[in-house]
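Below: a set of structures, written as structure tokens.
The same chain A turns up in both complexes below, where it pairs with chain B and then with chain C.
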Partner chain A sequence: MLLFVVGFCLTGMGKAPSAKAVYVKTLKNGHYQLMVDNKPFIIKGVCYSPIPIGQGHDYDFWSNAAKPWETDGALMKKMGVNTVRFYQPGENLDTVKKVIADLYEHYGIRTIMGSWLGFWNYPAPFYDDAAFREKVKQDVLNMVRALKDEKGILFWVLGNENNYSFSGKINPWSSERIDKMGDPRQCLLARAEVYYSLINEIAQEIHKIDPDHPVAMGNGELACLDVANKTAKDVDILACIIYRGKTFGNIFNSLKTTYNKPLVLIEFGCDAYNAYEKKEDEEDQAAFLESQWSEIYKNLANNPSGAGNCIGGTTFEWTDEWWKHNDWDPNGWSVHDTESNWSNAAYYFDIKAERNMNMNEEWFGILGLQKAEGDALDKRIPRKAYYVIREFWKHPYDVKAATKKNNHGA
Partner chain B sequence: MSWTFSAFAQEPGPTKAQDTAALKQKIEKNDADSLSAVEDLLDIYFADNNYEEAYQYLESLAKDGFDKSPEIYFDLALTRSEEIAYWQETKNWEGVYDKSADYKKEIMDHLDKAESLAMDKPSVLLGVKFLRWQATGEDDPDRAFGLFNELLYTAKSMPSSATALDMIKQIGDELASYEDKSMARRFYEIYVSKLGESHLTGEELKAMALQSLNEDNMFLAKSLYEAYLGQLADNKDLAAKETVSVADKFVATGKEDGLDPGYAEAMYQKAYDLIGQAAFDVGAQYRRAYNLERMKDFQAAGRQYQGLLDNYKEGVPQKEIYFRLGVLSAYAEKNIPKGLEYFSKIKAEFPKDPMALDSFYQLGLLSQWQGQTDKAKEFYSALLTLAKELNLDLEKNDLVLLTRERQKEIEEKKEIAYGLKLFLEGIFKLAEPGQRAPLDVDLTARPAEMDLNQSTKFVVTTSNPQTGCLMPAYSYEWSGQTGSTNNIPNAPELVTDYSLSGFKVVGVAVVDSSGLQGAGFEMVEIENPQISGE
Partner chain C sequence: MAVSLLVCMSAYAQQAQETKEAPATAPIAASKEAAKEVKSFAVYSDSKSSDNHYIPSGWMGDYGDLSMDDKYMSEPHSGSTCIKFVYTAKKTQNQGWGGVYWQNPANNWGSKKGGFDLSGLNKLTFWAKGAKGGEIIDKIVVGGLKGTYPDTTEVSMGPIELTSQWQQYTVNLAGKDLSYINGALSWVVNADSNPNGATFYMDDIKFEYDPALKPTGKKTQEMPFYVYADRGSISNHFIPSGWMGDYSDLKIDVGSTENPYFGKTCIKITYLNKASNGARWVGIYWQNPPNNWGGVDGGFDLSKATKVTFWARGEKGGERIEEFKIGGIMGEYSDSDTAGIGPVILDKDWKQYTIDLKGKDLSYIIGGFAMATNLDVNPDGATFYLDEIKYE
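For the complex of A and B:
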């Protein structure tokens, strides 16, 4: 009897010996499917950083008393969003757990949780330094240990566009060993090897402590994936950040020959500001996003017209973020800046802006924000894209050449 | 507000003050003339965004007395369409996406009914086809493609009446506000072709084209000009001259970007294809070359400037062309010997002209860069001697001041000034075989031709390395004749002006944390109105 009671208790306390909660399935035709609770799952997601007007990048939205995720969760559910992507958890992992649980339990929305891997540490991410690597690894593993049992967790993402630093042009880092190589191309490849080997080490460790959730690697475009193919074999999913305008080009097929992993478009989108005409532009944003989602769907598993290696995407982003232009200046955090931060000719509708600077980082939200009184939550104003994507998800189809009306004039 | 269909209106529309009740009284059963009053009534309803009342009234007409009128069914569809457009305009996205599916079904039903009753009414038929295409476009692009062809066919089949012309132009104007301008051009072509059937003279077409340009309708203007030129097919000489004249209207100048420099060059080429070089007088040939230079097609610009020197004896601004060719050869083509050759021609043929100063400086600079310091010293000395002979202010003349800097560098065996050295390395060294591909650096001044002391803005635009939203932090090293600005900013823009006339060559080098990435140049011309006026 005693034995029976003990046995019963152990079974009740332990995890059921079922299949992994989330995993990637390779189909007979070579296509990939993300499986959640043993059912295929298409990631219909958004990048989520609910920073209020007037706050900056270091604001702890996880502790926001106005609980933006409740208002947003309801709106997301109405739209059809099933996943949010967080770039990095807050410092207090208990509040993070609460947000993940609220989103999942009340709105059925799952969480992709990321880590910057110390990329924005000052003075630089010394990925070739053993102590730095160990610290980054332990930070990630602590996060995984703390959050892995949350039912809402979908998978982990390591890094974002960190690979753009390999050339030494963005957030440069190096080491004496690498610098000695001299040749810029050799230095770039060495940095790639160093970074991707760290990713692989962390992925291996995560698998040991959390077999229930896959590990994805964030990567800007497909740059340097030939190196990752040799050094980051234990990654389960490639999470790409892609800004190629209306289309993702040949990325789906190209990936098969460089780094044959399931692909999630972890960041893509279109800003809602026309830098040439200097006005808000919901039409182009909606048209671009609809086209992008159409390509994602075309390349999901079992669609004969696509590559079958895409498992979904998370649009950048849910709401505008007013702090992003000149993020060091708190005076600008309450201003919806219209000065462009970067240039991308694939967003052709406003590329004629001066110096071709057409990408407005503060205007990527599919919801705009309006300042509310006091500490109340900023008002959410769904843009056209919100409805267009909602309709697309209800009735997915290939967008070929939608006739788009706009105000560009003759 | 989207396109408003008003082809049925026979009289000027009413003012808002007019009572809708009075208009309703005018509308009698089975009375075709009362359709005009319906249109007036709709104008009032639409102006007030009162679509539901308009719709209900039209429905009552369709049920009582107008059941055989295609216009009423068209108006029912139009009313729903206008309401959706109003929601879009006011960003009432819930209206658009929650209600418009039902509305669109109603639109299609009414259009089907209107079409079945309008077989002998081409104007109504055209409106039906347009509205059906418009209502389908966003939801079913494949079907919309076929519907647009039907629309085009209907427009082409219409008799060339004033009403038809007006409707076709209205549709073209509406399409000109769409992203794909080719649809507008196809409608304008039909419009222009129907104008031709109306036996308009070439001069009338030309006048209409000019009017369209004045109304900022470049697409219609192009179609009208092309129809006009088509009428000159029997007279190649005249056709070529007129084609050049049309090109001149779209060309870039130093003062303005031009309406469509690419179209201008296409027209110049068309004129050349007709009768060769005879199509161009000196002025036209220069405009063609300069248009290409502003388009940054430096190779083609060089060919046309050279054509100016080769084909014309009188009126050619020879020294200016030599200088332009020298700069383009050296800094765009990266062919230093060819550049030196053109600069030497100025020295040889215009030794006492102020432009010789520009040539001496460039000859000196390129020699110094090549390590030929003795030659460079000679050119710099010649520049200073000539400047004295010309009684120039030696303490203010920018070329004299730059020359002294260069002389000092040679005397003290120092490197060329940092910014200038980076510029020259960016132009010449990064182009050498085996070097990594340099960044494309475009430097453009607006305006590029200006008066003394008139402000101009130089702007640097670079091609983008693959770094997503993370832009590399560049620094910008400016060099050359940078004008009156004392503190040159380390920024991609430079606003300046010039107190001395002539050509000014400005360079910029773009540098990031991994070193020199690329370089660009710009050549501007400062005019002295007093001298120009003489």
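For the complex of A and C:
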């Protein structure tokens, strides 16, 4: 306790007592509202990975001399974007700080900063290994210490779709202790408990060193949140990755009975390529994004027709990324591939594509890219979605009517 | 989306008595005043009637199992003829189902302009009876033909169980866009529901206008609500039609008599370890209507359910199913929610499993049940059994 008091005093040294910069407020009606500088804040965001044409996933865009965030920041500001989501900071945290500061100071855009939690480390994320857990924890805390005083920071996101590893769908991991359980369901639940307990430990530590910013937990869909409800109680916000087409379905209400936290849709969207008609499709992308945003608004605090637990979203994504199809092949990084990477019938407009492969990972941008001369920044070409969402944010339409329109033709 | 089966009082009373359940909808009130106002447009009235506007030309599925006599003269409902259909359930084309569309012009699957503007009418009525009674028509569909000249609506209803007496059936089209209808109606029967085939009769098929008819929403179903009870049971509400992954390696017998948990049959699922389609996993959805991946309106409002229960056993014990689930089909008409359990390792003996549905939105479920597994956890394949799948 003594140590805590001393630590608290040191953290607060030189500052007048003040409210937290960013926090979640629970309203009397049980709804959640994100508060920034003591004012309600709706996250109107985009996922931001400005990888130039011809570069791959390991490209350090933070150090790009062309400063894409300046061009993008201006376009975002015009559109009404107030938040960007980064999946992970670059290695040089000084350059990261500069980008965060530029976006905030010049364009008023805040940053949600994430961490993969070592998910893509080789050979696997051994979350049940004490040394691995400690390393992940320290990496995150170092990031927080380095960036927490940036005025542009909104909150932290721990993990992305790491929960899909519990069943072994991606990046399978386990431990001797877990494997001894035998029953696969028990093993899955044990991995969930292990992972979410790490999330909780990190959240607790972040709260100690950075009381000014909430901690969110990234999660693919709603899978295993019943375990998180018991194990990750200190998380402030749930950040979900959802690809359910035009709608988010029942997740807003469903969460209330499984993991009752404020929800930010941290990744959702629609690609702009019709794999069935084999051509760019701005219309369907715009229509789907508008529908998704209408559901987000419907479920914001104080909207009587919704669940009141949503605090906004970050659309995937700002610009196309040309490296994503066959990401291991540098020859493809300069080609805007039209081959699909995965299938999702919720995007029904092109599900009749060959083998039902309709999701085009390189075409999710609400801005397209065009190669510029030399090292100049790739030209940004706003798609219809840019304008549609801009208008929606200016004048959110009657979401009740929109819901009726989209409700199974009833 | 309004889809309802309205039957006349006598048929309604008989069905309610047989099933001891509440009727699907209220019966049509037959009043002289209403009858005076009815406008009608015949699909079939008599074999040589100039009023017939559509031709029963669109034969589907196991068309080799079907035969038709549209001049059948024995005891028509009215006039001098009715139509007699015979379905043999021999699976001549290996489909397991058969059906007939009434089209205009004949054989028009949407490739040419035809059909009629039926705006102003709001229901389709027909009379039907079975040769023995108990014949099951899986569904009746109005409209629904696609192609270059697609129908402007698609409404389906069913299943219906025929009696040996003429009964009138009604498809409620109130509120639907009937401005272009090439496929006036179709019926579909399947071999699971009619393992020994079916002979049935139809007569006086027509579109009508009923000023008292209102669009109806989807009815909230009473519990328990079966996905699968027994082979051919009218209680079965979903069809195992959504094949996924290595579908060539999956064999499903919905009429297995190998030690069912309850009733006469259970479902036997055999998964071969061939990876024939290169996926190394396999799955199947029980859908409504069959093959509905969210492309058409269908399904049920199961809001009263709090859980799904089912019984399962493995042939040897130790078979691993990665997931049993409900809902989760996404499309233009998506399931309203999803829930599941898994992985599950089956015992050799029957064991009941439960999927918790508390807090779920079950107002629109087209994917009533599903299972998925893979070769990594079943390297030798797997044979297992399911029975008594139901919402409660």
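Just so we're on the same page, the second predicted complex is superposed on the first by the 384 of 410 C-alpha atoms of A that agree within 3 Å, B and C clash if a C-alpha of one lies under 4 Å from a C-alpha of the other, contacts with A are read in each partner's own complex, and residues count from 1 in each chain.
Everything below uses one rule, namely that contacts are C-beta pairs under 8 Å (C-beta built on N, C-alpha and C of every residue); 3 or more make two chains touch, one makes a residue touch a chain.
Quick caveat, the model's predicted, so the values are computed rather than measured.
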Superposed model, chain A: greater residue contact from chain B or chain C: B
First, second, both or neither for A:Lys208, with chain B first and chain C second: neither
First (chain B), second (chain C), both or neither touched by A:Asn344: both
First, second, both or neither for A:Asp183, with chain B first and chain C second: second
Which of chain B and chain C A:Ser167 touches, first, second, both or neither: both
Touching partner for A:Gly249 - first (chain B), second (chain C), both, neither: second
First (chain B), second (chain C), both or neither touched by A:Lys39: neither
Which of chain B and chain C A:Lys28 touches, first, second, both or neither: neither
Where chain A meets both chain C and chain B, residue numbers: 167, 184, 344-345, 408-410
Contact footprint of chain C on chain A as seen in their complex: 167, 183-185, 188, 244-245, 247, 249-250, 253-254, 256-258, 344-346, 348, 351, 408-410
Touching residues (chain side chain B, partner chain A) in the complex: 2, 91, 93-94, 96-97, 137-138, 141-142, 144-145, 173, 176-181, 184, 216-220, 436, 459-461, 464-472, 492-493, 512-514
Chain A-facing residues of chain C, complex: 1, 217-218, 293-295, 297, 320, 322, 329-338, 341-345, 358-361, 364, 377
Residue ranges of chain A touching chain B (in the complex, touch as defined): 161, 164, 167-172, 184, 220-221, 223, 241, 243, 282, 341-345, 349, 354-356, 359, 361, 382-384, 386-388, 390-391, 399-410
